[in-house]
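Here you go, one structure.
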Amino acid sequence: MTFHRPPDKEHIDNQMIKMEVNLDDMPGEWLGYVMDLLFAAGANDVYYTPIYMKKNRPGVLLQILCSVEAVADLKQILFRETTTLGVRYYPLSVHRLERRFELFQTPWGAVTVKYGLMNGKIVQRAPEYEDCRAIAEKHGISLKDVYASIWKSEKENE
Amino acid sequence: MTFHRPPDKEHIDNQMIKMEVNLDDMPGEWLGYVMDLLFAAGANDVYYTPIYMKKNRPGVLLQILCSVEAVADLKQILFRETTTLGVRYYPLSVHRLERRFELFQTPWGAVTVKYGLMNGKIVQRAPEYEDCRAIAEKHGISLKDVYASIWKSEKENE
Amino acid sequence: MTFHRPPDKEHIDNQMIKMEVNLDDMPGEWLGYVMDLLFAAGANDVYYTPIYMKKNRPGVLLQILCSVEAVADLKQILFRETTTLGVRYYPLSVHRLERRFELFQTPWGAVTVKYGLMNGKIVQRAPEYEDCRAIAEKHGISLKDVYASIWKSEKENE
Amino acid sequence: MTFHRPPDKEHIDNQMIKMEVNLDDMPGEWLGYVMDLLFAAGANDVYYTPIYMKKNRPGVLLQILCSVEAVADLKQILFRETTTLGVRYYPLSVHRLERRFELFQTPWGAVTVKYGLMNGKIVQRAPEYEDCRAIAEKHGISLKDVYASIWKSEKENE
Amino acid sequence: MTFHRPPDKEHIDNQMIKMEVNLDDMPGEWLGYVMDLLFAAGANDVYYTPIYMKKNRPGVLLQILCSVEAVADLKQILFRETTTLGVRYYPLSVHRLERRFELFQTPWGAVTVKYGLMNGKIVQRAPEYEDCRAIAEKHGISLKDVYASIWKSEKENE
Amino acid sequence: MTFHRPPDKEHIDNQMIKMEVNLDDMPGEWLGYVMDLLFAAGANDVYYTPIYMKKNRPGVLLQILCSVEAVADLKQILFRETTTLGVRYYPLSVHRLERRFELFQTPWGAVTVKYGLMNGKIVQRAPEYEDCRAIAEKHGISLKDVYASIWKSEKENE
């Protein structure tokens, strides 16, 4: 059996793939749309890198990280929505930390904080961006102040 | 037997290599020249990415996509023409669409259009850049108008 | 009289200059050194941007922010240490916040925190990087944990 | 009287400002949010450039194009939402083409096409991205095919 | 009277303009062509910078350095050949070194070396790229060895 | 037996790893520090690439080249000092030239020159940057003149 969603325990995932496409004949406008489609179809991450291609062309390197199972669907999107005639890919391993999620109360409502644990010890703490953004917008506070408050409240609860 | 030129049918090529070199001690001026040499020696693609290296050095990551057969020749060029002491590389797979080429008549002459087919269905259509550029220069038309005309004429022929 | 060091009150400085040089015939290795020289000679900021230049050359745009008084010295360095034959520049205005500095005690020693005030109200708080780095190195703590502790202690003192 | 929205006739606007901030002490996560706020507060354009800053720091140059009238509001956002202690700016001129908008019928509904005219002659034609995206999503067509169809239908109506 | 070609003596040119266009709806393929046209129409320099634009679009900032006299022609090209509806620009000053050119004999033929002089003293020495490239191609020598030989021969002639 | 330091003879090293992390929630300021730690812990090379991530975030791709033996230590640093919850990696091969080092006398002291040999023939010559920098600083000579002198003296000794 294959895990479509990786387990939350610390582990090494050897079923990951990186896909790549070089693009020099497609407007950037379309690429914003393609990124959304790729995430919706199961990509773990999608990102663009500026590259210098032949004949003085500023191009874009599209990269996708995904599980082996998602490759076929993502290829379909790449061929349908970009202008490429080829998609390249290769396997890689990912060492993932254990993940835990906890809710913290702030003066403006609850916020989820994501923890990363290495060998059972917390090494990462990150308030969820969308929670913080919602508070910032609703209460007219700067986003950086929302984060600062949560870091403090999170510390006090330890 | 190994294909030096990939067949035009849709296929997955498992004989591809990506080569990489980091460069921080070589002027950009020379790199334009190196790109030409690498293409001439059989590279499928060559591109540069800006990177940030140690000691505040703006550097360049040179990447090459090529067949296994081309590796030895391309290494020679890299060692002769760049300043690197090491070339790294790893294998990758490429899923390539079926390719077809057709000639279209425009008011200014013939233009080749390249098609990409996935499972026998056209998903890519691209007028050849060099044909379009030649028309733009000869007839004093903007390049974008040349492309627009070809897209239209190509549509009408369907 | 002209201020070589801007006053710490919020103000608009109309005596600032941006200098720019495009470089495509100089190794990145030398540019790390040039940055140090420019800061030492009074530049307020120096930064590099990757640019795509003619003939497929990956180049670098060097930019400097400085006061009018520093222009002559910085030009000398640019002409001596880079390969350029021309330096371009234009004036700009800078709106600077009021700055205050305070010392905070942490379990590992004192750290300076820099504040930025807009209309007399604190909008920026930043522990000094070099203080934090020194603590991280001396005590074997991760840099992000040093910052987190200072944010918390700084909050408690308000 | 000053125009908050530029007139649609071809003209040169001398009341434009470019604002700039260098950032090396703020996560990219927050910058996506800041971009939205700046557009909402009247910026004509906002964009980021990767820069290489001192001490091997990958930084970001935030640039804003705006009218003179918008400067004060945008500064407030920059000081509240980013970590900067200074905002720099300088005036520039913008030559704007005449703009016209027309509705085109497609098999899937109406799409606005934006035209740019230089000396009364059409030089730009651009289907509105959001219209095309909505069609692509609703009808399950690739975005590039939506554009291709509109270019063709737009041509036929001339 | 205005100089179309700057004089070769060291001087400050206050008649220079920087033009800028942001592009997110145009393929990189066309931009290689536009660069050639802009140089042919009198631009002193043309270069591209990768930028991050709204809606997750990788875009390109096109920049041109030119004399006041060239602005009108270059604008025409930008409006004809790119997809922009606006071109922005602002004046700048350029401090240019005195330039001298000398021919050097190498084992493979003559090469022009360009010198830059600050206050009458040589601070820059650069063999002409096209001369060196021609030798490298004709004689099958690496480009870096051609440059190395010229630096040496140039030194010996001092 | 495994070589911790690669032998100086030309060889192909198949025990190399590339590690990668995408970062969008961490300030650039910390990344300068992380680079130093990674080099100190045995990384062969560390470099940053600007990337465009989801939600309009300018991010950074951190890449490390290292031997298989160094992977565990470098992962520890990545998890402790960056904000990532996952580290990905894959094997690669490196073709390394034979390296030789020689001392050259200059008017200002000795400088090490590093040679690279392919099939026993010198193809690379590079004066050591730190030696040249020390001379430039001590004697008030421009760094480019120090390099030029060494290239010349190195030629004469052949």
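Labels for the chains are A, B, C, D, E and F, by order of writing; each one numbers its residues from 1.
Convention: contacts are C-beta pairs under 8 Å (C-beta built on N, C-alpha and C of every residue); 3 or more make two chains touch, one makes a residue touch a chain.
These numbers come from a predicted model, not from an experiment.
J.: If you apply the touch rule, which chains end up adjacent to both chain B and chain D?
T.: A, C, E, F
J.: Name the pair in B-D, A-D or D-E that forms the same interface as A-C; by residue number, over half of the contact pairs must coincide.
T.: Repeated interface of A-C: B-D.
J.: Please tell me whether E-F or B-F has the greater number of C-beta pairs in contact.
T.: Output for the comparison: B-F.
J.: Taking each chain's centre as the mean of its CA atoms, which one is farthest from the centre of chain E?
T.: A
J.: What is the distance, in whole Å, between the centres of chain A and chain B, each centre taken as the mean of its C-alpha atoms?
T.: 29
J.: Per the centroid of Cα atoms for each chain, what is the distance between chain C and chain F, given in Å?
T.: 25
J.: From the mean C-alpha coordinate of chain A to that of chain E, what's the distance rounded to whole Å?
T.: 40
J.: So which bits of chain B are touching at least two other chains?
T.: Residues 25-26, 29, 35, 48-50, 52-56, 58-59, 80, 83, 90, 123, 129, 142.
J.: Chain E touches which residues of chain F in the complex?
T.: For this pair, the touching residues of chain F are 50, 52, 54-56, 58, 123, 125, 142, 148, 151-152, 155.
J.: Along chain A, where are the residues that touch chain E in the complex?
T.: For chain A paired with chain E, touching residues are 23-29, 31-32, 35-36, 48, 50, 53, 55-60, 83.
J.: Provide the residue numbers of chain F that touch chain C in the complex, in ascending order.
T.: 26, 29-30, 33-34, 80-81, 83, 129, 133, 136, 142-144, 147
J.: For the complex, which residues does chain D have touching chain C?
T.: Answer in residue numbers: 20, 22, 25, 49-55, 59, 61, 75-76, 79-80, 83-90.
J.: Mind listing the chain C positions that touch chain D in their complex?
T.: Touch residues, chain C against chain D: 16, 18, 35, 39, 45-50, 65, 90-97, 99, 114, 116, 118, 123-124, 126, 129.
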